[in-house]
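Worksheet: one structure, shown below.
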Amino acid sequence: MTSAAIHSPPVAKASGAGQTIFQRNLRQFAANRLAMASVGVVLLFVLLAIFAPFIAPHDPNETDLFRRLQPPAWQAGGEWAYLLGCDALGRDILSRIIYGSRISIFIGAAVIFVATTVGIAAGLAAGYFRGWVDVAISRLVDILLSFPYLIFAIGLMAMMGPGLVNIILALAYKEWVIPCRVVRGETLATRELEYVEAARALGASSAHIMVKEILPNILSPVIVVSTIRIAHVIILEASLSFLGLGVQPPTASWGSMVADGRAFILGAWWVSTFPGLAILLLVLAINVASQGLRDAFDPRFQE
Amino acid sequence: MSHNENLLEVDGLRTVFDTSEGMVRAVDGVDVTVRRGECLGVVGESGSGKSVTFSSVMGLVRSPGRIESGSIRFEGRDLTRLSPREMRAIRGRDISMTMQDALTALNPALTVGEQLSEMLDAHDEDLPARGGARRRAIRDKSVEMLRLVGIPSPDSRLDQYPHEFSGGMRQRIMIAIALAPGPKLLIADEPTTALDVTIQAQVLELISEIRARLGMSVVLITHDLGVVAEHCDRVMVMYAGQVVEEGATVDVISNPQHPYTRGLLGSIPRLSLRGKPIRPIQGQVPNLVGLPPQCRFYSRCPDRTEACLQFVEMRNVGSDRRARCIALTQEEVA
Amino acid sequence: MVRVRRVLFATAAALGLSLSAAQASELRVGFTLDAMTLDPANHRNRETETIIRNMYDGLVTRDGDMKVVPQIAESFEMVSPTVYDFRIREGVTFHDGSSLTAEDVRFTFERLTAEGAMGDGQTSPRKSLLGPVESVEVRDGNTVRITLSEPWPILPAMLPFQEVVSKAFVEKVGTQGLATQANGTGPFKLVDWRKGDAIIMERFEDYYGGAPSIEPVGEACVERAIFKIIPESASRVAALLAGDVDIINELPPFSVEQVKSNPGTDVMTVNGTRSFFVAMNMEGDLFSDPRVRRAAAHAIDKDLIIDRILGGNAARIEGILSPDAFAASTDLPVYEYDPEKARALLAEAGYPDGVEITMDTVGAYKDIAEAVASLLTKGGFNTRVAVGEGAQMTQKWRTKGGPKSGDMYFTSWGNGSLDPFDIFTPTHRTNDRGNSAGYANPEVDRLLDAAAIEPDTQKRAALYREAEQIVNGDLPYVYLWVPQDIYGVSKRLTGWRPSADSRINLHDACVD
Amino acid sequence: MSLGKLAERLLHLVPVLLGVSVIVFLMMALTPGDPVDIMIGDQNVTPEQEQAMREDLGLDLPVHRQFFVFLGNAVQGDFGTSFYHRRPVLDVIVERLPATIELSLVALIIALVTAIPLGVLAAIRRNSILDKMATVGSLLGVSLPGFWFGILLLMLFAVHLQLLPVSGRIGFSSEIEPITHFLLIDTLLRGRPDAFWDALKHILLPAITLGLPMTAILMRVTRTSMLEVMRQDYIVFAEAKGLKRGRILFRHALKNALIPTVSVAAIETGSLLGGNMIVETVFGWPGLGRLVVESVFLRNYPLVQAAVLFYAVTYVLLNFIADILYTTLNPRVKL
Amino acid sequence: MTSTANPLLNVENLSKVYEGRQSLANRLAGVQPFSVRAVNDVSFHVERGEVLGLIGESGCGKSTLGRAVLRLHEPTAGRVRFDGEDVTALSAGALKDMRRRMQIVFQDPYASLNPRSTVADIVGLPLRLHGLARTGAEVREKVARILERVGLNAAHLDRYPHQFSGGQRQRIGIARALISHPEFIVCDEPVSALDVSIQAQIIQLLLELKDEMGLTYLFISHDISVIGYLSDRVAVMYLGEIVEMGPTDDVLARPRHPYTQSLMSAVPDVDAPGKHQRVRLAGELPSPLDPPKGCKFHTRCPLAIDACKREAPVSEQVAPGHQVACHRLAEDLSVWETGAEAGTR
């Protein structure tokens, strides 16, 4: 109380603002220019993914061995029709990046969606019910956490065979423990709060308390963790490609483009650099935007 | 240095916070006088600016807050003009502070001994210059301080961490730290609010006792008029960033001049009032952003009139007695 | 302050030292894989053998033309189709100073071929490389006789893969000890094996000189030879360009130009021994039709891929055998690149609109397989490439007679011995290990079986050539090419030449 | 640290290790591909010879029998023989482990010594250019694919500038007799500053590549917790005491702010250990990670089994160490 | 005991013990799990329409007792009868129905409201849980009505808790507790986190509502003035036990237990500073993990004798409905008179 009195203005919160909290948050978010720019970038990539067939200048899988490793347009030997140059099979890198955004965004989003859903359910159950449920889930989490991530993914990929769905599963199999841990910890803390007790005192069921009272309040750290993990997942997919277990050809994912292009990096830097930059840009934008959203929309972050 | 009766003189202090919603005038034209050896009670509810006033005195207002205007004279020197380095030398050595909750104010990761001895190390000028002698002297003095505030077996407890002490003991430790360099002024910010009544009584008594022994001045910030009544020579009542009433404790409590002071006294549930309705002040503290220049208590005052819709100054209402209400007529005081 | 200065001084000294430490007679090889073990009899790994072979010599070796020539053996002769005699050279010493005797040779082969001879009931995993060897014995003090249970004419071709160990040493340190210690008769002796990092060897001063038919004879040129393990291609090339290493293996064709244009480095190539081909599942409905198989052969423009992707560093083939292999035919009919014809053949087979197929391959071949697939697509085979892990693909395609699924398999088969027995038989004999196409032709089986035991070289070659003709007509595979092994070398390297069996023999290599 | 807690820790290890073993075995059992097939490769063997090899490796037993054989032996410290190295798996792993641990530790140290000061600076200069740069930099750090970034570093420092070596742990002229098998320590123990310098140059690029994402994460954690700590009453009180700024920042604030940093570092170190196979491959670092990945592809079951167990034990131990650190930083928590 | 034939709430020998988890490892290492008797064999009753004040210092178990009565914390032993029904024996379904009739108002106006829910959701929750409103519109209408009653208005329906001041939040909490028209409310320090002027407003509100809606309160507080002002009867708790209980006038006019006496003397009084001679209770509340034997107050009691260290005193009636548990009751001593200072400093 004391520090609050000293460091934050002693303003009564009851200011009868004539606007809804949502409008106010939105305005606050809009004022954050960096975050707005990032949202723009993310949207741009999503649009790119959706409208890839209309945007991409070439068929991403059309090979032309005579254009093998053609440099970007501004370098000697480049052509403006192939702005970012061509890869080892003479495919247009720009078009592959545009189409690749579909796969990378899809893998990142799908893995995180699956993992977060499972993680939230498991974490809520462990943190809320405690007892043997918690012991069982926590033990499983321990086991999975102590299992090196890549070896686990490689093992699963080797077991299940190649394929997009299998990649998503192999990554999600372990990914869920991270949101699970976060949710469990937050749930343990939140379940002791008075408003949870109040709901119990009113006769609310466990399901109601978990979903309506606890979940909305722990969602924000989970979302923050999850957006950061999207970056990891996109990079992990790239790592699987590096080890030869990535998405199936000729489908382009940014990760596989970087991974496959690394062999040429000494002479044809563009093959892996442009998709690498695409990963960087998207991941950066997601992170900055999510941070901005959190700052604006989470009541706890407001002064 | 002039031998003034007044140890601290704050004049027209304005401390503001810049927030997204506008500028908050947390302290708006506050005058404070602390005399040598006295205990001044500062009473007010949350948001009244009582804590901000004294963190301004300590130079502890942090961004987005700042002191907009006013002077803070301590023994004649204007603290607002000191460099951070000079201010550091005054903090702790001349003006010390204790905070409401010793559990949060003591660093959980450092031993009590370390937190006590670093204070001595920073300010005590009577210590040997350096080396083992200094360390020993600091340790001895630390033990002495803990003994002074009534910690049993102080020598062994120096190496313990704050969480290993009970709430009352922690409060004593914080007081020991604050008093270690022998300050001239102790600002005790809600020293007992976090404590149980039986412990509260012990701690307040300790402060009074030490004040008497060391002859220092004490500013006791509290929301509890009972505490003020029992421990303070003078009292200053604050509301919404301003002082509304000031005077000798006995006078203020027995004959409150400002409607807010009256309301505050009326709000205290008392055994003697059982069965009778209490008359609480209606409404709540106004938002401090963009306040019109009128009496700040206007919206809650049972006696408000049209005349209150203007800036109201402090008025003298007797010897050593002032209040901020338009209904009072200014008395000329020599 | 004093301390800071001292640290700075030490740092400078260290810098100076490390700069002057580049010794002239040290040769470093940037190599893809570490040795699994240093025991010549206890592995089945080509890289391991390449490293070991610089410390251990064999009874025989191969010269620059891949001809089998005596090394520790002074000479050898085939006494009968099942009996070979080897005269052991005198004056050959092991690194520990002891002399090599015929008994060591006998012990070596005993250890390789006898059941449980490795100790602990273990049998050498290399036993199968010596086929029907029945017994090994010492005759007249310095002659070793190898007796076979049946005629096996390729024995001499298989012998360069086996190195001679010291009986006394093995008995002293045991099979366990031999895994990490080396006591061979080769040009280099082991200094330090930094597992996973490098194998450091130094010149063996008492070397007997090596095979007399391979010039120059004598001790190794460089004082120290090092195999430095760099698995990642780009890093390996980087190491060469940075001057960290003098030879790298498996230089990616793409980097050839860069290495060539770099002032201090150059490229060396040698005809490889690995044949690339696409297996077509003849058990499937689609490829059981010979017209469809022929269509696939016409759809693939081998020359284009050799030119554009392999940088010209490959020889096209019309049968399984490398042009350098024993009994390779030169007059096989050629399936020219002709996408129109491919479509026409498909239409004739009942697929006027083309077909949808999947081509399996492993990660390492993804690139080329995609190029092949795009060509097939243009020829009417709408081809999707499925990249799997090596072990999975082996399970799926090398079924040893088990039922097959899948359409096509882009793969390769190594033929270090350059003898058809090692490549032709496993890939074409009915239900054999490498028969990914599910090919079954009793006539071919008969020819291969006969050739395997035919002692007469001419007759053997004829048998293989006949089989190749039949196979070329049946076309269970689209035979693609044999890529060259490409090495990047530093220009300070002299006297070294890559070898077609992908060994890196450092005996003759010198650095300026 | 009470005896009870120690016992509890050790007991925790049992289900974790058992669970990990079961998962690896299941994976291996359900994964297509046969070690003997892979081992033989493109060579000719008779079915009898193949069967003999299989029996030699103990692969003729049904999977559950193999599992119990493994378990029984593992309890006695025998993890089997590597199919390829033909030596006890334990020996093979122990040879590679120091390199992996050394790399991970140096990466950890690099991460800590850059992340903590940066995080502190970013926090005390909140919203300054420096703060924003550090934040964006940290986001970049977690957004870079390690193998790509590693090769870029390699190109720059090893090929173009030729300042640092391309691969390996130490140069060939710096032969030193191992003591601890940690080269950075051994070179110093043997009094060879030149070799130490050499080893340091070798480890620099891989450690930076490996440590970068962790640096980014730790920086953000430190910044956040530092901001949180700076808001606490005890910092205000320390200021009220008139202490010097340095003492407030480093003695009062940092000691508390490091508590979450330490926990996160422990978890992330686990992922350093388990995630370094890619960096090891790029930089030719002779560590365990590369070996394990190779072994998965080669179906070298005993090695994968044992290595994964090693990782698990290391992970649990690391967390244990972090807990101890945690208690020294945070006396409120009693182990 | 002056209990009428049918008190609304009757608590018999209620205990609540918290026990640490006994892990396998601890068992192996021979470590005893901790166990805290937060509430120890407490009996009392509350009449319909009555306010029973429960006073004690932090850690004395008063909040636990309040929650155990509602079965928010499962009691370890004893019985709670509400309107004749044994609450401790209710099934989950029956308990849910019972929750409509027994409610609680919490101390912390910040922690007790879900920051992610609107006022309409928070206050309307009981209606939905107990099926007391059919449509969303009905919920909103009923919520608006109760909001008006507690001094807020319908314009607040869609706001979030953080947009309100502490006093307003406490009003929201009260509205939530009242909307299902309960008969009994546990007020767990509902005013101790509030400013003085707001505190008075809330006390006023609670008293008005009690009369209007015919409520019965168990009012928990550490503030003897608040309890003294609004409760009909008062119970004083120390370390999980009730040491003195009786009609407020009686107890506060003539406290008999030395602890009650000390409590009263410690409260600073605005009206008459220095009226009482201060009784300085030495030391602090002993750790509940390791409570003293005998009379639990003996470590701090100025009047403690040897018997107090050995035996726990039994509750005795000293006046109609006024019970005290003290060994030295018969001597009719008071801590003021002795002026004693007990224990060690």
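What to note about this one:
Letters A, B, C, D and E mark the chains in the order given here, with residues in each chain numbered from 1 onward.
In the analysis below, a residue touches a chain if its C-beta (ideal position, glycine included) is under 8 Å from a C-beta of that chain, and two chains touch if they have at least 3 such contacts.
Since the structure is predicted, the reported quantities are computational estimates derived from the model, not experimental observations.
Across the assembly, the mean Cα position most removed from that of chain B is the one of C.
The interface holding more C-beta pairs in contact, when B-E is weighed against B-D, is B-E.
With centres taken as mean Cα positions, chain D sits 24 Å from chain A.
Computed centre separation for the pair chain D/chain E is 53 angstrom, with centres defined by C-alpha atoms. Rounded to whole angstrom units, the spacing between the C-alpha centres of chain A and chain B is 50. Here the CA centre of chain B is 87 Å from the CA centre of chain C. Multi-chain contact residues of chain C, defined as those touching 2 or more other chains: 234, 238, 241, 389, 391-392. Along chain E, residues 165, 168 each make contact with two or more other chains. Looking at chain B, one finds that residues 46, 55, 60, 99, 101, 104-105, 284-285 touch two or more other chains.
Contacts from chain A toward chain E in the complex involve residues 12-17, 20-21, 193-195, 197-205, 208, 212-213, 216-217, 299-300, 302. Within the complex, the chain D residues that touch chain B are 232-234, 236-244, 247, 251-252, 255-256, 259, 329-332. Contact residues on chain E toward chain A in their complex (touch as defined above): 67, 70, 72, 95-97, 99-100, 103-104, 106-108, 111-117, 125-126, 129-130, 155, 158-160, 162-165, 168, 173, 176, 180. Residue ranges of chain D in contact with chain A, taken from their complex: 12, 15-16, 19-20, 23-24, 27-28, 30-33, 136, 139-140, 142-148, 151-152, 155, 159, 231-233, 236, 267, 270-271, 273-275, 277-278, 289, 292-293, 296-297, 304, 307-308, 311-312, 315-316.
Contact residues on chain B toward chain D in their complex (touch as defined above): 55, 58, 60, 87-93, 96-97, 99, 101, 104-110, 118-119, 122-123, 161, 163, 174, 177-178.
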